[in-house]
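Chain nomenclature is as follows: A, B, C and D, assigned in order of appearance, with residue numbering initiated at 1 for each chain independently.
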Amino acid sequence: MTADAAPERLNHWVLTLSCIDSPGIVHAISGAIVAARGNISESQQFASTETGRFFMRVQIESPAQRDEFEAALEPVTARWDMSWELDEVGRPLRTLVLTSTAGHCVNDLLFRQHAGQLPVEIPLVLSNHGTLRDLVDFYGVPFESAAVTSPEAKASFEARVLEAVDAHSIELVVLARYMQILSPELCEALAGRCINIHHSFLPGFKGANPYRQAHARGVKLIGATAHFVTSDLDEGPIIEQNVVRVDHSRSVSELVAIGQDEESRTLSQAVKWFAERRVLLDGARTIIFR
Amino acid sequence: MTADAAPERLNHWVLTLSCIDSPGIVHAISGAIVAARGNISESQQFASTETGRFFMRVQIESPAQRDEFEAALEPVTARWDMSWELDEVGRPLRTLVLTSTAGHCVNDLLFRQHAGQLPVEIPLVLSNHGTLRDLVDFYGVPFESAAVTSPEAKASFEARVLEAVDAHSIELVVLARYMQILSPELCEALAGRCINIHHSFLPGFKGANPYRQAHARGVKLIGATAHFVTSDLDEGPIIEQNVVRVDHSRSVSELVAIGQDEESRTLSQAVKWFAERRVLLDGARTIIFR
Amino acid sequence: MTADAAPERLNHWVLTLSCIDSPGIVHAISGAIVAARGNISESQQFASTETGRFFMRVQIESPAQRDEFEAALEPVTARWDMSWELDEVGRPLRTLVLTSTAGHCVNDLLFRQHAGQLPVEIPLVLSNHGTLRDLVDFYGVPFESAAVTSPEAKASFEARVLEAVDAHSIELVVLARYMQILSPELCEALAGRCINIHHSFLPGFKGANPYRQAHARGVKLIGATAHFVTSDLDEGPIIEQNVVRVDHSRSVSELVAIGQDEESRTLSQAVKWFAERRVLLDGARTIIFR
Amino acid sequence: MTADAAPERLNHWVLTLSCIDSPGIVHAISGAIVAARGNISESQQFASTETGRFFMRVQIESPAQRDEFEAALEPVTARWDMSWELDEVGRPLRTLVLTSTAGHCVNDLLFRQHAGQLPVEIPLVLSNHGTLRDLVDFYGVPFESAAVTSPEAKASFEARVLEAVDAHSIELVVLARYMQILSPELCEALAGRCINIHHSFLPGFKGANPYRQAHARGVKLIGATAHFVTSDLDEGPIIEQNVVRVDHSRSVSELVAIGQDEESRTLSQAVKWFAERRVLLDGARTIIFR
């Protein structure tokens, strides 16, 4: 993602920020970019009427190094009390994957990562089952499993998650059909950097075996929702959703297979956007700078 | 939809039926059709694992008149204790439309009916507001309105509905954004022949102003569901559903406009299928023979 | 779209511009906006690798009047040799509609305009047939028709189009199923402000009766494309496209009806984006700032 | 897919047939099924106005063995001069995969086959490159590669294909991004049992690098078409098509990645329908009994 120039190498930066909305922000930010010898190659912004906050994502080409860039930004970010991050475009995000027995989401993530379509690196896959070891091995990714069949085993598994997050400098945790509910403490520890996937129906169904309920009710669309994990189960900020049409002739197992396809592509899309710094949190909802 | 033949005119019949599933039904029905000098031009069937019932829709070309056809069918329908209907292909269904103030669904229905795309005839539109009189007038359809602002007014309005159903031999009642809840008695009286439309979200939202809730939650898909009316509000058997993609930048009023488009096309599609005898009830769900 | 403030009324401006890409543009533009006492409420930009041009659309709230705003912008637009337009947000675009006999697109445009969903005003509909007079009358829009059955009649009709464009200060001409090919001269005169709609298939079909060809070939998707008119027939820059799924059981006339629905919604969407100043030309393609 | 009964095991048969349309076919077929002690669990039929042919697909539960079934069918198939096939429901279709260097389609096919979602068995993958050996190995499928860089090498490769078709009793050949044009002789030899996938655009683009052309033209939809291979390149009968929305900001390489996703899912869908005996040929088009 970088090109050689005779005197100086151009760096490609992505800057994301948010702050309380007020006049002059764009002018100030673009001034700092000019000061850091940068050219804006892509920029998106949004002012939220829900929260009164301003959000921005900018891609910049510049010969400046991080120090120079941060120095140029500092007066602006300080004046507007901004939350902000500066990162290199295309840097693979350090990602931990949690899974159980269903392999469709893990396969999709690993294949895309391997094919260069997903800017993540995956130093470890953790599972509460051994089922997917061979699949993960094939992609050369370390795999650990431990049964989660008691409160103690769950606490131990979650401690291992946090340890791995720390040891591998993990920036994103992906629940790729990990079929355990995270403890509130783990949800809190991973707030804003943990993505889950689940099936979605119109209307929604509570309780066990939603595909059976959807079949009994004769729904015409089934889908999937990728969202941030919060302690409010399946109610975190939505990142991406997809649906597909079905009809009365689909059996429950066919609905499950169709739903799995939607889960795979929806989760991979959400992870891609997150890794590209396109997902910003605005209270209970997300801003997606596609 | 009929063609002249030298000796005899061909009639085009649509036969729909359901009964408890068992071997030999198709053979018996096709035998009756052969006996009535018919050729099958389109046929669909489905055996429901939910209810154990068998469903069939057949289109037939035959010189036979209704009497001859019914005589040929009678031994078969009696032996299998079938629910069945025999109708002419393309006969416009007698349809009563109920509405309130939002014109998008009524406009779509009337335009399509007028353009020959919807096999219905609409002898009357009833509304609890006068707002849409001009629109309905333009299409030459009688329009009556009466405010529904008290329990007595509601009872009186519903009595007028039943009277109109009777007077105009109504076969289908369409709630085209009619914003009153039907009484359980009216739901019962119109069971299986009354279609409603409402917005749909993933996840669903309870309570007032769902578009505001959807906006606050940052949903990525909004849609519409057309369903049969039952006394269990918005929970009747689903006929058709559609969704469309939205993003964080849509305002609440834009979400409403987008949702209205989905409502219009979803309702018109459901009405079309019903009028073409493509919608059969299988307990809590529908069989759609598209 | 404006709000009263105690001392000054806020105006809502939309600024669109393009120029050769180079560093500092955003900073300069945002500086001019600050100078004109403006706050940016929405902003999108894009640097085209195809043409090396930079494109921007900004919505601004400001108490400044047009004179003050233009004065602030002038040094920036001059320095970068920008093409630019400054307009009020929500101002209805003056739109001329041309049509023939099929009413689906005209009905959709007029209904949406009437319902406040389409920021256009339509002072006139011109047609080469009288068929749609009643529909257009219903919406209170003047309607003129003249047969186009000879080269002379065509020249006369096109002269009337240009006269109407001039007389009504037309900013957009919409070909809503106008079934005549425009002369190269008229295409040239309306370049960049004339939108057409036509059916689209995968693969494309040349020659007459494409729906019959699509039926014979068994296509599974049919759709519509809205594009700018150029003298290269049906090959102008694409604004919007939609498709819908069909199967082998659809007759040619059903394919036509399905295609018409796609045409209506695709054309209305393209007109809406154009009227909202969201469509910018980048050589042979469009930038759509949704 | 079979259930044990006390006296006799039920077999699950799928019968597909076509013949010139005339009255009495359904009655005769259903009579033969009754005679073979069968119950129809799923049935679809279609009379083509293009070719005057009648098509039918029936799933049957019956204790009858193949001999008994064929004996019951014989008088009917003979009388109407039917093309027909009788197969077991769910029997994996013997499938040969040809590929080159791009792994997205092969990965999708192998993962789905492995996950039990695709009723095929794949005894061999042939490639003109060695690139995908590891991926194919992981799924335990034999892999052979040979360069195709001269007319002689091509003839030799195609001879190997035919040899493998014979040796492995291949019923379906899938071109999973096999980037060589098949010779007319091989097309002929595999007629009706060879499926290809290619990208699709609205409008279509001729010549090299269509994604670059699509980018230059600013298309808003890109997709994929799965079709039977004929010697008329990319013009065989269409089995399945999908599209996805893109915008001006996608680079050529992003368009390629998006297009690959559509190719994978479209090809897998076409293979699944073919393997389930849901794809029948009607001249230049397909009947898909979904």
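FYI, a contact is a pair of C-beta atoms (placed from the backbone, for glycine too) under 8 Å apart; a residue touches a chain by one contact, two chains touch by 3 or more.
These numbers were taken from a predicted model, which means no experiment stands behind them.
Enquirer: Name the chain pair with more contacting C-beta pairs, choosing from B-C and A-B.
Expert: Of B-C and A-B, it is A-B that has more C-beta pairs in contact.
Enquirer: Could you check which of A-C, C-D or B-C has the same interface as A-D, with more than half of the contact pairs identical by residue number?
Expert: Comparing residue numbers across A-C, C-D or B-C, the repeat of A-D turns out to be B-C.
Enquirer: Can you check how far apart chain A and chain B are, centre to centre, with Cα atoms defining each centre and the answer in Å?
Expert: Measuring from centre to centre gives 42 Å for this pair.
Enquirer: Need the CA-centroid distance for the pair chain B / chain C, whole Å please.
Expert: About 36 Å separates the centre of chain B from that of chain C.
Enquirer: Considering chain C alone, which of its residues make contact with at least two other chains?
Expert: In chain C, residues 42, 46, 249, 290 touch at least two other chains, as defined above.
Enquirer: Which residues of chain D touch chain B in their complex?
Expert: 21-27, 30-31, 33-34, 37-47
Enquirer: In the complex formed with chain D, which residues of chain A make contact?
Expert: Touch residues, chain A against chain D: 42, 103-104, 107, 111, 115, 117, 138, 249, 257, 261, 265, 290.
Enquirer: Could you please specify the touching residues of chain A with respect to chain B in the complex?
Expert: 46, 48-50, 200-204, 215-221, 223, 225, 234-235, 237-243, 247-249, 251, 282, 284-288, 290
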